[in-house]
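Presented sequentially are two complexes of chain A, the first with chain B as partner and the second with chain C.
For the complex of A and B:
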């Protein structure tokens, strides 16, 4: 069947009441708050804890206001400014938005897309409210040795990055308005090629990419796919690409820059076999599924999801189809929830 | 010329090249792993608006959602023109419809009513609906009155991908559920209708009348033909067609291919009819060419001296925007894939029939 048409299902409650006994994957923080306290304050919303902007969260003076709330001068009422769930940390009350744009923080690994080229810098879309900056001084110039940038580099700024190019970078500093300044001064960072881009919700609310120990890793794929790199940008932008071995493996550490920099600004793809492309599609499908189901997206979950997807696909004898919609996606989710 | 109706999305040359190579390989490897003819699952419901004669809502998997409402109104036919153009006017039972009796308006968030995009979409939808001329005949009440049909097509979400198939499928479902009150008066009396809504008559009654039309988006990358393209896939398309088709009522006159009828399981046979084809400008033509390593100064190459020498054209892994039009054979093949027996058109119609509950 080429097309599946489903009847609409009633909306599932996104936020269930969490039993105090079952520790969900919120990293220990109790998102739902103190159960025994709520009935006195928000009796009518005790079963469904989403607040909307303007809603009075509490009028008890014992709470301090946190992110996503405000107090009108001369009153003790804490009012929500975003739609989301209430989060209580000791006596600090904040509202965690259901959906939010990415707020850059120093040291974040982000994937971005060049939107504008200016005379000495690029403007990069990282999914934040403002475009981020990438100054020409903050990239590794080709030619091996670290050198001073020259006027020629300024004139040739589009040979490094031009509009639409994707790059992986690190947030170097933040400005007053919350916009970020990026840098790519490392061999890990730079232009992206040999793969596909996808964008999911970043750190903010719901499922999505969470800050983790490792944002970049290599998957040894099944079915002869070879090695595939996954870069999970903290901003929710994801890059999945074929792993490229550094040429001449035994290069001395001092010469590494030289050998890598030859292709660092290339926009020509290497040869990528159909098996690798299929596995890249599969990984992309797994991440889409994780986000749809509201799971967090990190190395652990992606690896588990990938294994589950391969298992489910192998059970189906006959044609291999990596599309994870409908029944197959459900099986993968079931496998994931078991673990 | 058709308006630039496909949204340009910014992709890097490396991404475009990756997508293009993946899609043009055989079998195509789509970024979400679907097969070439597989559609994304969609959520549909009909009869959702109580104040309309028929309505439907469809949610696509990419998050786009549309609502269609059909309202019918009795209108006095302008008698003069009818007297002028009809010689068969005196005869009883001659039904004549006019295209103005159907009004389609498309509303897309963030776009004005008189923008080219909604107007183009409304034109494609009405073109398919009016193509057979048989539909408007059903709006005829008597010599002095007719139904006027308003189709309000509302896209609820921002247009993430090209919304034409979504709008068309929703319109199809809405028209299938459209019911008109039963006529009690006779002949050329002023029309009087039954109050009983249960006695109302459906506008389309599939086994007896034709199906409402559907418009499908088909795209080609080199030799590969792909259905239900996503936004990224459209970005590398060589050619994009909007194919409108409908099903003729099953008639006994087509008895010459009874043997072929037997082959189809369950004796079910669909008589597909091509109504209209529109080409849509693929956005890939407006992209920039990728630079091959050997002409890229940042990768140790030497800059291209003059434009004539091509500079790495046709090199593997370098994006090169499509030039020239689609081949005749390819267009024919794309249309054929929709209409062929057991092809995508039939499957989509089957799916839609199963959907209305």
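For the complex of A and C:
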């Protein structure tokens, strides 16, 4: 019997070595013409450059160093500290990481979870290196927007938010160490219920939630699912829930606060029908798929992905299945790539 | 005898068919676990390790006390699977060798990472050893480096590690012994060896550990070969990181 010896196959496709002699002004790593990766229409604008830690971005003294870079004392070389893309803002040179934990910025819409309750504030996990603060003074107290915070409120702090509660808030200010202070002083913000939470780690560079024009919107779902709200927190935390019509549309605008605030801090879920549940989990599946494929997650992509998922699901005449793995997920991705 | 001096001197080939200055096959993957902040899987020959990074996240001292550090704390935990070695050994929690490895990795990265950017927070590295065949510490350090790059934690440069040995044992006292690069288990058991890690392409050594005896005259050659091996390792890891980055950017262009 003949014995054949097979050459070992690499566990990962072998990368293409970049010739360091092709260094450009961007600090080397010109990855032009990597045709073997995706030969489709996108090949023509693949003129981006990646730098990796320790790589000299530039030795020109005219540039100022920004985030993701450092300068060795006694030299003018700007060296990257993270793997990412170079960003130039006037004379400021920074490297945006491909994937990193969320860094809060003022005005960001975030979804968070209460980790600690203290006497006058909550500590909220927003996926950042430090927990964010939510002062008692920065929430809408029930019974009118202009009500003053009292000692009774401090004693009853757990009736507003207690440990484990989810909320949507805005970053109001940043402290010296980069940790955020939140507020929920708007009807858009507050406690979350009637839905499902998911976390998309590693914002930045490629995939993940990107800062967009609209982070909160309502999807009119197919198959009798009704309306479903999607909240994409900039921090990568996502909330998908059944849309609840705001009751009391007829009340005067000045009295709206009072009528709503009674239900704002409720933790009781409403009835959610099986059709709605199916569509919520389908949207969740779409977002998971987008993240796995390294696509950005925003309103446009989620809507396109959802339509594609419904189309693919309608094609098989079998039982409705919202799981987007394997062959089905591939079909959805193919549909998405065509658009 | 794993490295028979008589046959080695004839063909200059080691037991696994490598020459003195050849690395084993080194492959790595980045972002292997979706839920972690950063993760990697690395194979150096038959040594296989997995590393996940959690953090930087809020530091918790004992009893939930907030730590008042002005820089991030790095915690390393290594767990060695029972099936990873040749004999099934149960390693206790207070294994001195493991504790030394954890401390070595933590102090190496405390120097390399910009921990001042993340005051009172913790970066925890958890390493799982799936298969052991020599150069364990080196594999762990390399896996940590690319997992930290995946997590987007700023660092001065890659820390890349490998082992270097010498072709004859201490007792044979052979003056003409050649240095060897990247030892496997059988070689490690017989021959003197050291683990060296350097910062990026420079020659600055950040980790150097030697647990065996060797004549001081041979040390310089071993170290030179080890540092050179680290540069080769850096080129491979850099390629892995770039390939991953290119793929991610392609996806975001939709």
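The criterion applied here is as follows: the second predicted complex is superposed on the first by the 263 of 339 C-alpha atoms of A that agree within 3 Å, B and C clash if a C-alpha of one lies under 4 Å from a C-alpha of the other, contacts with A are read in each partner's own complex, and residues count from 1 in each chain.
Assume a contact is a pair of C-beta atoms (placed from the backbone, for glycine too) under 8 Å apart; a residue touches a chain by one contact, two chains touch by 3 or more.
Since the structure is predicted, the reported quantities are computational estimates derived from the model, not experimental observations.
Touch criterion not met for A:150: it reaches neither chain B nor chain C. Look at A:8: by the touch rule set out above, it reaches both chain B and chain C. Once the two complexes are overlaid on the shared chain, A:84 sits against chain C while remaining clear of chain B.
By the touch criterion defined above, A:99 reaches chain C but does not reach chain B. By the touch criterion defined above, A:53 reaches chain C but does not reach chain B. Applying the stated contact rule after C-alpha superposition, one finds that A:291 touches chain C and leaves chain B untouched. Looking at the shared chain after the overlay, A:186 reaches neither chain B nor chain C. By the touch criterion stated above, A:278 is placed in contact with chain B alone, chain C being left untouched. Contact with chain C, but none with chain B, is seen for A:177 once the two complexes are overlaid on the shared chain. On chain A, the surface patch touched by chain B in one complex and by chain C in the other comprises residues 8, 115.
Put simply, chain B touches chain A in their complex at residues 10-15, 17-19, 21-22, 25, 29-35, 37-45, 57, 59, 61, 227, 232, 288, 290-293, 296-300, 312, 315-319, 344, 347-348, 350-352, 354-355, 357. Chain contact summary for the complex, chain A toward chain C: residues 8, 10-13, 15-18, 29, 31, 34, 37-38, 42, 45-46, 48, 50, 52-54, 68, 70, 79, 81-85, 97-101, 115, 125, 129-131, 177-178, 199, 201-202, 204-207, 291-296, 301, 336-337.
Those residues of chain A whose C-beta lies close enough to touch chain B in the complex are 1-9, 113, 115, 142, 156, 159-160, 162-166, 191-197, 262-272, 274, 277-278, 281-282, 284-285, 288, 321-326.
Residues 25, 27-29, 31, 34-38, 43, 55-58, 72, 114, 117-121, 149-158, 199-201, 235, 238-254 of chain C touch chain A in their complex.
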